[in-house]
Structures are given as C-alpha cells and as structure tokens.
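Each of the next two complexes has chain A plus one more chain, namely chain B in the first and chain C in the second.
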Partner chain A sequence: MAGFVAPDYLIALPEILLAGLACVFLMVGVFTGNRSTTPLTVASVAAMAIALALVLGFGGEKRTSFGDMFIVDTFTTFMKSLVLIGAGATLIMGLGYVRREGMNRFEFPVLIVFATLGMLLMISANDLMALYVGLELQSLSLYIVAAFRRDAVRSTEAGLKYFVLGALSSGLLLYGASMIYGFAGGTSFAAIAEGIKNYGAEGPPIGVLIGLVFIAAALAFKVSAVPFHMWTPDVYEGAPTPVTAFFSAAPKIAAVALLLRVVLGPFHEMVASWNQIIIFLSIASMAYAAFAAIGQRNIKRLLAYSSIGHVGYALVGLAAGSEEGVRGVLIYMAIYMVMTVGAFGAVLAMRQKGQMVEEIADLSGLGKTNPAMAAVVGIFMFSMAGIPPFAGFFGKLYVFLAAVNQGLYGLAIAGVLASVVGAYYYVRIVKVMYFDEPTEAFDRPVGRELTAVIAASGIITALFFAFPAPILQGAQAAAAALFP
Partner chain B sequence: MDWPILSTITFLPLVGILALVLLRGEAAVVARNARYVALWTSIVTFALSLVLIGAFDTANPDYQFVEKVPWLPEYGINYHLGVDGISIFLLVLTTFLTPICVLASWDSIQSRVREYMIAFLAMEVLVVGVFCALDFVMFYIFFEGQLIPMFLIIGVWGGDRRVYSAFKFFLYTLVGSVLFLLAILYMYLQVGTTDIPTIAAHTFSREAQIWLWLALFASFAVKLPMWPFHTWLPDAHVEAPTAGSVILAGILLKMGGYGFIRFSLPMMPEASEFFTPFVFTLSVIAIVYTSLVALMQEDMKKLIAYSSVAHMGIVTIGIFTFTQQGIEGGIFQMLSHGIVSAALFLCVGVVYDREHTRAIAAYGGLVHRMPIYAVVFLVFTLASVGLPGTGGFVGEFLAVIGAFKANTWVATTALIGIILGAAYMLWLYRRVIFGELTKPNLKTITDLSWREIGVFVPLIGLTLFMGIYPKPILEVMHGSVTKLMTDSQLARVISPVGGDGLTPTIMIADER
Partner chain C sequence: MIIQTIVFYVLAVMTVGSGLAVISSRNPVHSVLFLILAFFNSAGLFVLMDAEFVAMILVIVYVGAVAVLFLFVVMMLDVDFAKLRAGFIQYLPIGAVVGAILLAELILVFASGSIDISKPAKMAMPMPDPAQVQNTEALGNILYTNYAYLFQIAGLVLLVAMIGAIVLTHRARVGVKRQRIADQVARRPKDAVRLTDVKPGEGASWKSD
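Our next item is the complex of A and B:
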C-alpha cells in the first residue's frame, strides 16, 4: 500500500456534513420522539443551507478525490445548488402539511436529508459504482417517503409502485454498467472514455452499445422521460403533496445532472449513438405529456404530466449535444425548479374547511376569492406554457436556440408545436381560476413559510427577464465544465 | 442621449398598473378609483406620444429616439427601442385608443373593474412595445405577451361563448407565433444578433428566405388575419367586451401588417417577391369571400369582424405591390381602419349596452329615438365604405393604385370587394337605423350620453382629418417608406420589374 494517498475530504465537505447531521438528527428523533419533527425539519433546512454555502464556497475548478470516484467542478456546484435549494424550499413548504395531515413523524425530515445526500453523491459521481451508490441512497429514501402516509391506500400504493419500478430500473442500470465494465475495461468515467476511444475508428463493439442503452433507459426512468414515465402520474398523485413537491424539484434535477454527466463524459465519443435515443425521448416526452395532460382532473397528476413534458424540453438541449445545448438544459432545469416549487406550493395551499383538495375544479373562481394566489398561479401556468415575458419562455428559448444551431429543425418544430398543445392544459387552469364561477374559497391563512416560498418563486418567475444574469452565468460556467 | 421618451411612453402604464394593484377600500370605491387611474394614466401616455410626434423629424427616414442598452450582452441581445415613419402612427393609434377603451368601458364593465383596467394598461404596454422594439427578442416578448391580457379580457368579461373564443384566440395565435420564434432563432444564429436593423441589412440565401418567410407568415397571417386563418377573429370579436373588440380590431390586427412591412419585406425580399401571387390570391379571396359572408351576418359585431378581414386584405395587397403608393396605402389603411373599425365596434357597444343584444334584427328605426347616434354611425359607415373625405378613402385609393401598377386583375377584384363592402355596410345601416320604430323595447331607448359623445368626437374628427388632409400623416411615413423601397434589399429585387415604383411620381410627391 505504498501508493496510498489520503483522499481529499475537503471537497466532499457538504456531503460529509449532511451525512453526519442526518445521523445526529436520527438520534435526536429516536430519543425525543415525534414532538421534535418540526425542530428537526427546521434543523434539516438549516443543514441544507450550510451545505449550500459550502458547495458555493468550495465550488470552482475541477477536483477529484476518493480514487477519482468523486468529482467537484462548476457543473456539480450549479446542480447541487439547485438540488439543495429545491429540497430546502419544499421541506419548508411542507411544514404545515406534515403537522396537520398525520405525517408528524421525525423520520420524514431525516429521510429527506438522506435522499438529498444521495442526490449530491449522484451529481458528484465520477464512477459507475459511485453513481449507483448515490442513486440507491436517494431511491431507497424516496420509496419510503412516497409511502409515508402508511394508513392511506393511495400513498402506500404510490410507494410500492415506485419501489417495484424503481428496482427494475436499478437492475437495468446495473446490468448496463456490467456490460460497460466488461467491454470498456473500467468503471471510472475516465477509464470508460479511454476504453471506448481505444477501439478506434471502427467504433466500440455492440456490447458497449447495449450497456449504453440499458444505462440510458435506467436514467430515463429516473428523469421520467417517455416511455419510462409510467410511474410518474401515479406516484405524484398518490404520494403526500410535500413529497410530490420534493420529487418534482430535487430528484429530477439530480437525475438530469447524472444523465448529462454520463452521456457527455464516458460516452462522449458515441454522440451519434445516444443522440438518437435522446431525440426520441425528447419528442416522445413533449408530445405525450402535452396530449395526456389534457384530460386530467387532479392537479397533482396534471403537474406530473407537466414535469414529464418539461423533461422533454430539457432533453432538446441535450440532444443538441453542444455546450450551448447543455447550458440550455441547465437554465431550463433551474427555471423549472423555481416554477414547480411554486406550483406545488400553491397546491399545498389548496385547503377547504381544513381538508386538502386536489381537483382542478376546486380552483374555480380563485380569481375572485383569492386574487393574489390566482395571479401567482396564473404566472406559473403561463410560464410553464412558455409564454413571455415569464421565465419559462426563456428556458425554452435557450434549448431551442441550441437545437436550431445544431440543425435539428425537426426536433425544434416538434417541440414548439407540442408546446402549443401543452399550452392548452396550462391555460385551462387559468380559465378555471378566472372564467368559472367561484365555488368555495380556500382556507386562510395559508401559513407564513408557504406564502414566502410561493411569493419568492412567483417573483423570480415573473421578473427573470429583467435579472437573468446570475442563472445564465452560472449555467454558462457549469456547461463549460462538461466540455473540457 | 437625453430623456428616454420611448421607454417612458412604453412603461408609463406600468405605473398605473402598480397604482391599481395598491388600491384599497370598498369595492365600489376601488372600482371608481380604478377607472380614473386607468383613464388618467392612458391620457398622460397619449399626451406624451403627441410630444413624440411633435419632436419627430420628418426629413429623417431612419429610426429616431433610439435607445440602446445591453440587456443580455453574452448573446448580443440589446434593449433597443426606436420609431420611424412606419411605426410612429401605429404607436400613437395605440395610445389614442386606450383612453377611449377605458371610457367606453366606464359603465358597461361592472365586475372586477380593477383587474379589467390592469389588463388594458398591460395591453397598452405590450402593444406600444411591439411598435417600438428594434430587437427581435424584445419584439417577440411584447408580441406574444399580449396573449395573456387579451385572453383574460375575452374570457373574463366576454359574452356567452367566451371560453371557447378565448381558447381559440389563444391557441391560434400561439401556433403562428412559435414558428416565428424558430425563425427568429435561425436568423439570430445566422447573423449573430437579434438587432432588427442589423438583420434587415443581412442577405439570407434564397432557400433560407423562403422558409423564414413562411414561418413569419404563419404568425402574421393569423394575426392580421388573412383568409383562411381568420376564423378565430369573428369568434373573438363577438364574445369580447366592446373595448376588447376595439383593441383587437383597432390595434392587434395591425401588428400583422406591421410585421410584413418591418420584417418580411426588407429581410426576405426574394421570398416576398416569390410569394406575392400567393398573398394576392389569399387577399383577393379574403376581400370577396369575407364581404359575401359579411352580407349574410345577423350579428352586428360579426359583420364588422368580417369586414375587418376584407379591409386587411386590401392592406396586404397594398403592401405586396412593392410600390410606394401601395405600401403607404397599406399603412394608411391600417391607421384609418384602426379608427373606423374601433368606432364601429363602439357604435355596436352603445346599443348593446342599452338592449343587450347584437342581433341586427332586434333593431330598426333607431334614427327616431337616437338622432345623434344615427349621425355618428353614418359617419363611420361611410368611412368604412371608403367615401372620399373620410380616412378610409385615402388608404384604399392608394393601395388600389399600387395594385393597378402591379396587377390589374388583383386591383379589379379588390374594387369589386370594395363595392360589396358598401353593400353590406349600407344595408346594415338601413336595417338598424332607418325604417319604422316598431319594436316596443326600442321605444324608450336613449340617445348618446355626454360621455359617449366625448368618446366619438375625437374619432370623428380624426377620420375626417385623415380623409380631408392626409398630407401630414403621409409625409411622416414617406421618408421611411422611400428608404424601404430604395435603400433596403427590397430595392434590388424589385428594381427590374417595377422601376416606376422607385420614383415617387404620383400624388404625394406631386402635391408637394
């Protein structure tokens, strides 16, 4: 063991901190019981805030550690920031719900912290093994929180469905990884890239391609791209609303980060192969989500289809395969995170007579009964539909810009036409809120922390056009890291 | 660079919106204050735009009052505003019609007044922005952003089938716009900037021009609207509240024509020339077909909506003649139609507010009870027909002169359409105003109130002014149109065919 070098723990400080604190929180919870749920939630948010500060503080130039398994660069900084902000915001939003709706158990914040830790590890993975470990840590925590209302049938069904299909996708991933290991001769991303390159001009053998397809399918499952999306509507609808909000904000971003890292890192040489897969996933997701969402009555289910569609748009940028395209994906995901957190915040505020409601029809006449909330939800819906001047328009602008620049006109035209179809179901919500006669008003007040999160995301969505620089520059730097 | 007057005009209504949002108190008080806030904001904006006209230098054909500030410097996208002779009057038309819309809604809108006024002021910001923007991204944001307030105006304050109409309007317009967006992206990638004057100076390959032209056409043809993309318009007009129809007919339709003049002609001259027969065909069909359809309408608003499609057909013919008269006629026709059709919708609104029906058959003999109304309606009916002495005449005359130079058949058919226009408008007038007053519910109908007279007087004044002494208006647009004809790439394409189009021989120049 002469060559042993102590790993650089410092670059993994946010993860180490979260892991340590999660164990501490677990202990505190075990000894104090469920009455400490709220303090632990607040502490978890604080832990994520510290982790965010560390991520931003130690971000910057590319460094690896733990035998090249763990990487930190501007890309991981950007993605980790998004994940931590999304996770923290959804945790804060859910405080009231957790207290009221029989989810007041200390495991909830602890599991969320573990899931977040798994996502950070996924984003920093530089090796198929590290990737799998991070992914499983995240997934296992998520299976549990999906079924967290264990006495509600829908919630347990969601958890079980998610578990079975998630396990299947993990299996696909492992199988693909083993093929890659066998044919490319390594598990580290650098080794795989090297191995593929060594095959030279005639290209890698079919085994590598099969491995790539399996890995891509597994990751498509995680980002819920069509045709691997089947779990999404059921899980989103069945899981408790704060969990759904968390699902759509944080894990999605981590999974997209992973997808970007994997196809652009080790498989960079095989652009022509994975590019077709991504284009198919992208068009299928955009089109399917746009049509499937039209008939939905449940707002959570609708947002599930919406999230499938959004992944499709984000993948347009990846299909372009250029640095510009990746930048578009990152901008898109950042904007998506803000919008989706806000939209789920609004869903959390949908309570009538102390009962949560989730039908779109329950929003009827919100423009009269609660004009402020209706205006914010309206902004989110127009933004998700991609209508300027709201943020969602810019997200689409940057991915389509990249696609047009790469000559992917067919993809771009399919995308914008799908966005018109998709606009219908977003605008339908505006119609319900403003054109229909009021039914029953929602309970007020909705809670300070929830109002704050909704307002913050509403302001960012509405005023992004005036102050786009932070997100644009962050995404620019992050995209550059994937194209050395 | 002194005082940024264009930004002030564009964003001043935002101050009004802010004030409206902050209004507090009882519902009735808020509603009353909201009306006054909106009225004063829009009047001040209009006054500022008059200052703009006063300061406009007619001799300068370039963009004036230019403001340019980097906005997204990494992408070469600027905050870039400016007006020239083509856009300045469309801008003033917007600021002029907004206070009229506010006044027209004074009593007829009773629910959610504050939100209504916010929507109208937001419309004003966005439309003025469209006519000022000299950067494609800005233009698109303003252009597309209008869908939101207009969707709400139709859907919240509209008639019985408002939901259907609002969706139809929204989705139709959106389909066209997204293709336009892709065209913008392509041009950006070719030229490296979204600056409109820079792109106008860039020469695209012929094939690229054709695709780009089609993408832009998808957007503008829906907006204008051209036959057969017009079907959203009658629905939207019928269901929109009166002021919504005024904005729609008066201003929103003009953005399509403006788009053709500002983008399609100078940026894709070869494609424009290539597609001229296509545009002529659609326009001629639009004029004749929608005139015939208008003849058969039983709903007053629908009739006027179809007449708008016919009038816009004349605009497109004028624009695509590539002659000085044709283009100036097209612009002039847009301006006069903006006033006349707006006024006609207001006329419908007057009787609708009293009787709550737009069916032609429900009226008759109104002249006996409403003499002032009869006069007002007559003025605008004749203006719509294109009687000399009204604004409608000048535009149609110039456009048809241009058309005769380009293609006799097109001009002849357009004239047939104008005759049909006289038929349906005069018939409408006869059925509503003349005859015996037999319907019992009309026996008590009241003539125009002072507020309504106040709305119509400036419109009548302007129509007559434009008809009797159009020179000041034509003079302002003359320089910029001449520049479009001679300096832009368009000149290279049209010079072999229409040499006479380059020297402004007829009429305007002679008058001077």
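Our next item is the complex of A and C:
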C-alpha cells in the first residue's frame, strides 16, 4: 500500500456538488411533501447547469485523484457535458407529464439527480471498483424510476424486468472484474494495462481474455447492443415517457463512454481480441434493429429499436479502433442525444383529450392538424434515417469514414445497408403524418418548456451542417485524450 | 496442526451440510435456522484463518441482524413457498443446462494448461504482514483511507436503495390514529372538562357544543 496522498477534491467538484445538493433536495422534499416536486425539479435542473459549468471550468488536462480511481481529462469533460445536458433537458420536458399523470412525487427529481451523479462517476472511473460503484448508483436509481408509477402494471413490469436483467449483467461484470484482477494483478486501469504489458510477447493468459469478454458483455447490456438488448423494448414501452426519454439520452452516453474507456485504456494492447466482439455487436445491433422495428406500432417501442440501431452505428467507430473512429463515436453520441431528446419531446406532446397516446397511427394527418410539430418530427425522422443535410447524416458519415480508413469495408457496407432498411420505418412515420387521413388533433398548448426543448433540438438537428465546429472540436479533443 | 485440520473439516462439513439443508428443508423457518448455523460455522472457518474481525462481523451482522430479519419475514408474511418452488423446478432443467455449458467452457479453458499458478501476477497488492498490522486496523486503513472514495459512493448507493424501498412500497393510509403531541399539549381543561351542578333525581347529561 502506497502512503496516503490527500485527494484532489477540486476535480471532483461537480460530483460533490450534485451529491450534496441531492441530499439537500431530499430533505426539502421530506419536510415539504409532494407539493415541492416542481420547484425541486427546477432546482435539480439548475444544479445540473452549475455542475455543467464546473465540468467545463475544471476540465481540460488529465488529472487523477482519490488514489488514481477518479480521472478527469478532455474525454470526461465532453461526455459529462453530454450527460448533463441530456439529463437536464429530459427533466425539463417531463415537468408537465409528471404533474398530470400521477407521478407528482418529490423523489423523482432526487432520483434523477442521483442517477446523473452515477453516470458522471462512471465516466470518470479509472478503476474497476470505481466503475462498478458508479454503475450501480446509476442502475439502482434507474430501476426505481422505471417502476415509478407503481400502480401501473406496465411500469412495475418494466422496473422488475430491468432490475432482474440488470442484476444479471452486474454479476457478469463482477465476475469478469475478478478474473482480470487475478490475472492482470490490479484493479486500477493503469495497473491492468501494465500487467498485460508485462506478460510480454506471448500475450496475456486466457483468463484476462475471459474477464474482458464478461466485462464487454455486461457493458453491452448497459448500452443495449444485440444480443443483450432484450430488455430495451419492454422497458422503454412500460416506463413512464419522461423516464424513457431520460433512459435513451443520458445512461446510454455514460455506458458508451465507459465502454470506450475500458477497451481503449487498460485493454489497449488487446485490440485484436476485443475488436471482433465490437464488430459482432455492431453488425448484429444494426441489422436486428432495422428489421425488428418495421413491425412496430407503438412509437416508444419503435424508438427503443431505433436506439439499439444507433448504438450499433456508434460501435462501428469503436471497431475501427483509431482516434478518428473514437471521434466519430463521440460525434454520433452527441447528435444521437439531441435527436432522441427531441423525438421523445414530440412523444410527450402526443395527447388527445387529456390522454397520452403513443401509437404511430395516432400521428396520422399531423401535417394538417399541427404543421409545426409535424415539420419538427419530420426533421428528427429524416435525421435518424441519416438523410442529408440533417445532423444524423454527419454522425453516420464520420463513423463509416473511420471504418473505411481502417479497411473495415464489410462493416461499413453492412452499416449502410442496415441504414437503408432503417430508413423505411423512419420515413413511414413521415408518410403517416403527411399523407394519411387526419384523426383527432393533439391537445394544445403542449407547454412552454416542452416546446422550447423540442424547438432547440429541432434547430440543432437541422442546422448542424452549418455550424458543426463546436461538436467536432470537442470530440476531436476528447478522442485525443484516449490515445496518449 | 492435526487439531486444526480436524476442526477445519468439521466446520467445513457443517457449513456445506447446513447450506444444503437451507435449500432442501420444507419448512421455511427451519431453512432460516439452518442459515444461521451455516453463518456460525463460516465464522469459525474465518477464525481458523486468523481473520477474527471478519468472523465477529459475520456473527453480529448476519446472524444478529439479517437472519433475524429473515425469520421475521418468514413468520409474518404469508408467502406460499411451495408455489415459488414449483416455478423453480419448472425452470431447473434449462437453467442446469445453461449453467453446465458455462461451467464446462470455463473448466476447458482453465484445464488447457494456459494458467501458470506458480507465476502470480506481478502487480498484485502485497498483503500486510499479519504480525505488524492487526486485522481491524488493516481493514480500517483500506476502508477509510485508501478506498474512502468507494466507501462514500457505496453509502450513496445504499441511500438510493433506501429511497427506492420507500418510494415503491410506502403508502399513506387514511384513518390511521396517530399520537399528536402538540395537540395533546395544547388541549386545555375547558375543552375537555365541564363542571355541572347535578340536581338530585335528574342525573348528568353531556351536550357537546
């Protein structure tokens, strides 16, 4: 055991702030009751905004703290910013829903803050144990919010399903971590990398590889890549819509960040081993999502399959294994976050006579009854399908470019073919909106905060091609941090 | 040495035996009692390994708190264990097949001679010398100094678990009689007591206002 070094608290300031404020919010909620839900939600968004400012302010060059367990560099800055923006936006969007649909309980914003804190800790993890506790803090909060409408059968089913399968994946992760600790001789990422290097030319023993496979399977579950995706459609459909929006925006980004950090950090020497796993996950996710989404009638289920597919596309960049590929993944995740927040915002606005509806058929004739919303949803769908000039096209462009530059032609071709199939179900929604007979119009007004979020993400999606520089530069700097 | 070996085997056999009894006994109360026996025997095994702190914690936490809690749950909740077990037996074959395949794969890998136990990993953290550092002190060093960060986050995880248990199960019930001390203290004699002159032959009557 090395001597005790006082930790550098300054770099963990955003996390410390969120942890402290979450406890304060909990106390306020306990003493004032459920009428403080809305003020606490606003306060939580403000806390995330301050945390974002701190992340951007104290980010930058690489620093570690807490005995090398906690790392901050340009990569964590980029990913944490995405997570905080996604979490904050979905929390604002859900305000109206939470008030109307019997979810008006003060624990909701508190749990979302804890989940966000867990994600920040995951992104900053530099040790297998730190990775695990961050992941558990996040997952545990998510299981609870999935089952938050405890009187609705679908919501409790979603929570239970997520919990059981999530516990299984945590078990796989721990088993893999124990293997790696035993064979590489450490839990810190730096120690694992050195342990693997020490085995020399003959390569590390097969135990390390087994551990890596177990950890990759557990993380694939968290990003819901095929074949570990089974929970996604049911949980997305069953959970309350603001929770689903949160699920598809923030935790995915944190899990992808973790996957990147783990395979490129400690296992950098074993590219040839994990590369095959990533390529398989990528092709399987893209192809499965494209075909399975065709038959869906429920828009939340459709978006669940869509998110599985998007993870597949993002993994194309990781399979390339180059700095360019990682940059592609980061750009893809940033654009995906914006699109998915906007799309779920539109789902939250789907109300007829005060009731939430979520069938695709309910959208029919939206082009006539509500042209503005139909136009925005159209932008999101074209963008998700990857049609220029919308943002989604550029996301796909960068990952496929990286794959082609690394000679992965098969993977790039599979990706392009899958996106052609995927375009069918995205464009079908546009067809339903503009060419089908109008049914009941949606209730108006949809709420100021919801309109603002949908409009903002619509503008970013539509105009990304004109002002791509901030995301591109951020992703470039972040990717460079993983390739020292 | 021979005594230690005998004690080890006695404790080990008892642990495994009571573990089997936990899952095979029909009466759930017996299961919990066997669980307690298993905990005690494992504590004995820890003492044999000079890990007296862990042994005591095992007895205090698991026997003292967890097992007793189980006992309460088993006795107070009306859980149909026969029904639960029926589902278990239904899924047993497929579960056993999956488990057996995974086990066979791992055995194949580890038996293929690729693992050299004589060459331990180089970076492994050295164990502190038992003669220098006491059990409790070594654990304290790890928990509160080196791994204080993990300790704090684990605390947050437990807090979230507690919030979750309350959010998902607590219901505010109506018609519950509660003691409200403020109301009791604020109550004055004139609210509750009235002095009346009772005329002979009429009796007292109470009309609340």
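To be clear about the criterion, the second predicted complex is superposed on the first by the 482 of 484 C-alpha atoms of A that agree within 3 Å, B and C clash if a C-alpha of one lies under 4 Å from a C-alpha of the other, contacts with A are read in each partner's own complex, and residues count from 1 in each chain.
Keep this in mind: a residue touches a chain if its C-beta (ideal position, glycine included) is under 8 Å from a C-beta of that chain, and two chains touch if they have at least 3 such contacts.
The structure presented is a predicted model; accordingly, all values stated were derived computationally and were not measured.
Q: Looking at the overlay, does A:Lys368 come into contact with chain B only (first), chain C only (second), both, or neither?
A: It touches chain B, and chain C stays clear.
Q: Now for A:Gly195: first (chain B), second (chain C), both, or neither, which partner does it touch?
A: A:Gly195 contacts chain C only, not chain B.
Q: Look at A:Leu140 in the shared chain and tell me whether it touches chain B only, chain C only, both, or neither; answer first, second, both or neither.
A: So A:Leu140 only meets chain C here.
Q: In the overlaid three-chain picture, which partner chain does A:Phe467 touch, first (chain B) or second (chain C), both, or neither?
A: After superposing on A, A:Phe467 lies clear of both chain B and chain C.
Q: Tell me the contact category for A:Ile206 with respect to chain B and chain C: first, second, both or neither.
A: second
Q: Does chain A have more residues touched by chain B or by chain C?
A: C
Q: Does the superposition put A:Val110 against chain B (first), chain C (second), both, or neither?
A: Second partner only.
Q: Quick check for you: in the superposed arrangement, does A:Val404 touch first (chain B), second (chain C), both or neither?
A: first
Q: Once the shared chain is lined up, is A:Met129 touching chain B (first), chain C (second), both, or neither of them?
A: The answer is second: A:Met129 touches chain C but not chain B.
Q: Which chain A residues are contacted by chain C in one complex and by chain B in the other?
A: Comparing the two interfaces on chain A, one with chain B and one with chain C, no residues are shared.
Q: Which chain A residues qualify as touching chain B in the complex?
A: It is residues 367-368, 371, 382, 387-389, 393, 397, 400-401, 404-405, 409, 412-413, 416-417, 419-420, 423-424, 427, 430-431, 434-435, 465, 468, 472-473, 476 of chain A that touch chain B.
Q: Give every residue of chain A touching chain C within the complex, in rising order.
A: The contact residues of chain A facing chain C are 1, 4, 7, 19, 23, 26, 66-67, 69-70, 105, 107, 110-111, 114, 117, 121, 129-130, 133-134, 136-137, 140-141, 143-144, 147-148, 150, 159, 182-186, 191, 194-195, 198, 205-207, 210.
Q: Applying the document's contact rule, which stretches of chain C touch chain A when the two form their complex?
A: 106, 109-110, 112, 114-116, 120-126, 128, 141, 145-150, 153-154, 156-157, 159-161, 163-164, 166-168
Q: Help me check something: in the complex, which residues belonging to chain B touch chain A?
A: That would be residues 72, 74, 112, 115, 137, 140-141, 144-145, 147-148, 151-152, 155-156, 162-163, 166-167, 170-171, 174-175, 178-179, 181-182, 185-186, 188-189 of chain B.
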